[in-house]
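Following this line, the structures themselves.
Two complexes, one shared chain (subunit A), two partners (subunit B, subunit C).
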Partner chain A sequence: MIPFEFEYYKPDTVEEAVNLYDSLSNKNKKVIYYGGGTEFISMARRYNMYADAVIDIKAIPECNEFDFDGDDLYIGSAVSLSQIADINKFPLLSLVVKRIADHTIQDKITLGGNIIGTIIYKESILPLLIANSDVVLENKTGKRRVSLNKVFNKKLLLDEGEMLVQVIVKKEYVNFPYQHVKRTKNEKIDYPLLSVSALKDNDTINVAFSGLCEYPFRAKKIEKILNEDSLAKKDKIDEIIKNIPGEILHDVGGTKEYRKFMLGAIISEILDSFQEEE
Partner chain B sequence: MLKILDSTVITLNVNGEDRKVVAKPSDILLYTLRNELGLTGAKPGCENGDCGACTVLIDDIPIKSCLMLTVEAIGKRILTVEGLKNAPIQKSFVENWGFQCGYCTSGFLMVCHSLSKMHPDADDVTIQDWLQSNICRCTGYQEIEYAIKSILNGGSSDIEGSTF
Partner chain C sequence: MEKPKIGVDTKRLEAWDKVTGTAKYNADFITPDTLHAVMLASPYAHAKIKKIDIKKALKSEGVLAVITGEDAPYLTGSMIHDRPPIARDRVRYFGEPVAVVVANTEEQGMKGVSLIDVKYEELPAVNKIKDAIKENPILIHKDLSRYTYAATDIYPKANTNIMDHVKIRKGNMKLGWSESDVVVESTFFLPQSDHIAMETRNSAAQIMHDGTVIINTSTQGPFAVKEELSDIFKIPEGKIIVKTPLVGGAFGGKATIQLEYIAYLASLAVGGKKVLVRNTREEDIMSSPGKLGVEGYVKIGATYDGMIKALECIYYVDCGAYADTAPRMAKSIASDCSGPYNIENIYCDSYSVYTNHGYTTSFRGFGHTASTFCIERILDKLAKKLSMDPSELRIKNAIKENDTSPTQDKITLSNTGDLNACINKLKKLINWEEGTLIENEDGMIKAKGMACLWKTSNSPTDATSGAIITTNSDGSLNLNFGATEIGPGMKTTMAMLLAEKLKMGVEKIHVFMDVNTQVSPMHWKTVASMTTFMVGNAVLKAADDLIKQLKQVGAIALKCQPEDLDVGNEMIYMKTDPSKFVFFKDVVHGYKYENGNAVWGEIIAKGNFIMRQLTPLDKETGKGKSGMSWTVGAQAVEIEYDPRMHTYRLIKAATVMDVGKTINPKTSKGLVMGGMNMGFGLATREEFIHDDDCILQTTSLRTYKVMRFGEQPEYIVDFVETPQMGAPFGARGLAEHGILGIPAAFANAMSLATKEEFDTLPIFPETIYKKKKEVEQ
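Moving on to the complex of A and B:
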């Protein structure tokens, strides 16, 4: 049972949704855009999240788009993780989302929800960061298409009332060689101890991490080390560990030292796999 | 635009019938099915999306009804275990002893039923992937695997060398 009442709106267009957000906010109501709702329901049940109104975006056509248009792959923010995996237009993204929660929950979690939610891992963003994706964001003042790497810093940096409408991936990135490694503490279905996605963009490896710090990230400095031909594999790993751009998680899931050890093992595995593919 | 601001009468299509029910936006589908419609087959377990005991099918897709607002189900086809009506998976569960205490059974039945319809040729990896969404505290997994395999194309010949 959710211990508070709220209003429910299900608009048919982005314009309706953003105008609604604006008008409800102006009445001092706490408003949220609602995708799959798994996080909202489970957290609201414990009063860890509150809303006066929810705007369900699942009837908005742009938010349900999942197809190529020219050289771009459009993925709507209300597309479920199951749809991404089953339709499989971006194999690395499919692989990553198939390891988030369990199969039935993947039917409900949406791409937008996984990226914007408060749970720190947001694993579906890893392939999107390393594929240099764009995002379409819209609020009452307008619509913008921006590089995800520019608007994601620990979390998606949204303006007031802005909703994530779509993610756009260039077709060429969908077909690049890729690796994804996820390690959990015990069970296959769990939050990651460490989740790493890598994509070979011609001769350069792009890489992003979840579970290492309190947020997912892609770091230029780490990629520079990883792609430095003059360094031996062991030296690359040592340097990468020294250059993690934040505090390494140290919790019941795994100690800081264990995560460092795991990071080294995964980087080694990824480098070997790419080399074998050559 | 659909707008529900307070308690109101809505229509849900449940097990092939349109049913009128009073619901408010904060109501959870699991409890509307159980308390308002008397369909107690979907079970409250963890109520956090982990155990799968509350699984129902929404437009043929398994959904944990503890993580769905009742109002989200407007315009969708809801199938609960009461609507299976002697589906092959039910007979197979009986024949293969696919349950012990039975509390998780309705959830497993719904996932298995959907799997058999959507992937009648499912391989071991797919079966494992789908059924890992549900938990059986009696640990009756082996028999549940027998049950689902016996109704998939290929029948019971795949039971040897099981993966769970």
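Moving on to the complex of A and C:
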């Protein structure tokens, strides 16, 4: 049960949605864009989240798009994780989302919700970061298509009232060799102890991490070390662990030390797997 | 002749309702006049309550009343009266109810709760058992020696945090140690955890104008609710009616009385209107009682050829902030501390300790999960030291006829069963002989671990049950008894027993699925795996009474003597000539002669049962009798360990238990598997984690982990049948037991695979990593 009242809107167009956001915010209302609702419903029931109004974007056609148009794969922000996995246009992304929550919840969680929500892991962003995706963002003042890597720093840097409409992935990335390894504290279905996605762009490995710090990230420095031919595998791992760009998580899910150990083991696994494929 | 009913897979009476979602649980019955009570929980583990300001809350829309500990000067507890239903003057655990808002809707109640302003003065908290038992500890109950007690055999120590101390002194320790060639000792730890029943705990109360109190509650003990409410609030017992529909899982967590008090106080505060209080999952974890934590020290001695000669153990039971039934579990740990083995010299101390953790109540296994873990781990260590196969060591020492239990109770084949038959069967099922440790070419390590189990009940010495049979004019029967249906299909089992006895179809037995204390005969509590035994005996006695009456009225109808008759297929017939008979339907509501005259009237049959020959344990020696019988069994777990990542997979788990007689085979197997699954929960993930301020961190299912469907290994369950005399068709209790040996068998397998010793639960991959790291350094 959600113990407070809130307004619910379900617009048919992006324009309508962003205008609603603007007009409701101007009335000093706390407004959120709403996808599958798994976070809002589960957190609002304990007052851990609050909104005066929610704007459900699931009826907006652009947000439900999931197909190629020429060389671009368009994925709407309201596409559910189940749809991503079932339709399987981007195998690495499919693999990653299949390990987020359980199947029932995957039917609800949307790509946009997973990327923008308050839960820190946002694992579905990993393939998108390393595939150099673009995102389409829109608010009342206009629409922009930008590189995800430019607007994602610990979180998606949205302007006031901006909603994530779509993600665009170039076809070539969809077909690159990939690896994804997720480890949890102990269970098949859980938040990651560590989740790592990697994609091989010709001779270069792109890699992104979730569960290592309080936010998912892709770091140039780490990729440089990983792709440095002169370094032995063991040295690469040692160097990467030294160059983690933030505080390593240390909580009930796992200690800092253990996450470091797991990072080394996973990088080793990924490097070996890419090698085997060659 | 009707086919046998016992030993035949029989669908649960409530099965279709449950699988179609039609089944109703207590909080599903919300009437338009139902008000809602919402609790405010303490944010501190230990603090003085300086002031509670409820003015704003009272003004909030829809709020009808706000009650605090000041309005409820009562102390409750099934053993020690140490717990105010709503915290008074101080809070003793994180999540303790501090105030209750009664409102028209749950939303309004929550809003009201958010407007209550409480001023606390934080006190240092007792976060660890060792801090609770040290010299001059922080005292959690300064009034411990001034409390009144609901139990007589409980021995609190004034000015300490020790609420009870159970001693076992059996044999001659000096002799035992002198006969021991090899001695092994270890310390073990099992954390507190939760029941996580699917239906969170909830209760409703209404006080009628004539003073009748109606409690609708999800409970394992409706009759205990009635008695304790009467005792605490001085309400005549006959004025209290407790009603319980299907219960959505309990595991011991609904044998306690908590929300019933709050619902009653809330109803009282609004002039007797019906008030429902239901836990959110978070409240169910942090505010209502959970499973105890245990620290155990065990030392065992044996001869070179593996005969155990001496056992010394000290257990500290983390009962949390209030006693509830926890001291009984500490007693239960002590009284079965040897495991199912013959040990002549035993010295055991079991202490019940207060901490500022959430308080605890009965949990599946009633303390035996802890004692089994400790004894079965130490046995594997002993086997290792003796270079003996762990199964051989167990077979050699298995408890047998003419041995005695730690409480010096005499063991018979009937009261205990055949452990070695279980072990031998288990070894075949798990392919023990192929080897317990196999290293695969890919580097993976497969390992098997074993553990045995035993458990007796721990009821009051005068625990009782009843059963009533009434009749319908079509000759079918109605059965009513006081055990609530908490999941194991007990309503069905009782119908099967009655059908077997009457040699009639189970579908002609109509069982009252609820319990209503006003119309159902009493059953102590639906706990301790004792329903089949206790209620079953009452049902069989009622069946005898019914048959006797049927024969009496049948004799009139058939113009013969009652002893000439037998019953079956809803007929009463002449033994010598079954073609001479009368149908049940023609006599159960009276027999009518051809001329219209009638005799007898409705046949109503009754039966009861009371525990026999039980005694409390002697304060100094522990001599006594806790239960009428044990159930023994053997369990094994097979795992695969990845030494590179320190992760593991559960492959297989098997249980063989001596159940005396299987009444409903598939249901029994399902029950045992459910227990095994919970055992894996304790072994691999379930724990309460407290931070340095004693604040519970695992308050939701985001962080408190339970086994999910699909994570379980392959389960194999089989039975040995050594009948128990005096039990219905020889059937022993089996409902809890599946959980008992799994954590130990798992830890034994892990220890073997990793070559490290795991004496603490749960065991995560990180636990293994840390252990390996320690060894490296």
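To be clear about the criterion, the second predicted complex is superposed on the first by the 278 of 278 C-alpha atoms of A that agree within 3 Å, B and C clash if a C-alpha of one lies under 4 Å from a C-alpha of the other, contacts with A are read in each partner's own complex, and residues count from 1 in each chain.
Here, contacts are C-beta pairs under 8 Å (C-beta built on N, C-alpha and C of every residue); 3 or more make two chains touch, one makes a residue touch a chain.
These numbers were taken from a predicted model, which means no experiment stands behind them.
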Subunit B versus subunit C as contact partner of A:Thr104, first or second or both or neither: first
First, second, both or neither for A:Tyr9, with subunit B first and subunit C second: first
Touched partner set for A:Arg45, first subunit B, second subunit C, both or neither: both
Touched partner set for A:Met1, first subunit B, second subunit C, both or neither: both
Touching partner for A:Thr255 - first (subunit B), second (subunit C), both, neither: second
Subunit B versus subunit C as contact partner of A:Val54, first or second or both or neither: first
Which of subunit B and subunit C A:Phe68 touches, first, second, both or neither: neither
First (subunit B), second (subunit C), both or neither touched by A:Ala265: second
Contacts of A:Asn186 with subunit B and subunit C, given as first, second, both or neither: second
Subunit B versus subunit C, judged by how many residues of subunit A each one touches: B
Footprint overlap on subunit A, comparing subunit B with subunit C: 1, 4, 45, 102, 188-189
Contact footprint of subunit B on subunit A as seen in their complex: 1-2, 4-12, 16, 20, 37-38, 41-42, 44-45, 54, 56, 58-59, 82, 98, 101-105, 107-108, 188-189
Residue ranges of subunit C touching subunit A (in the complex, touch as defined): 106-107, 110-111, 114, 280, 282, 644-645, 647, 684-685, 689, 697-698, 702-703, 705, 708, 710-711, 764-766, 769-770, 773
Parts of subunit B lying in touch with subunit A, wherever the complex brings them together: 1-6, 24-26, 28, 31, 47-49, 52, 55, 61-64, 66-69, 71-72, 111, 129-130, 132-134
Subunit A to subunit C touching residues, read off their complex: 1, 3-4, 45-47, 102, 183, 185-191, 252, 254-255, 257-258, 261-262, 265
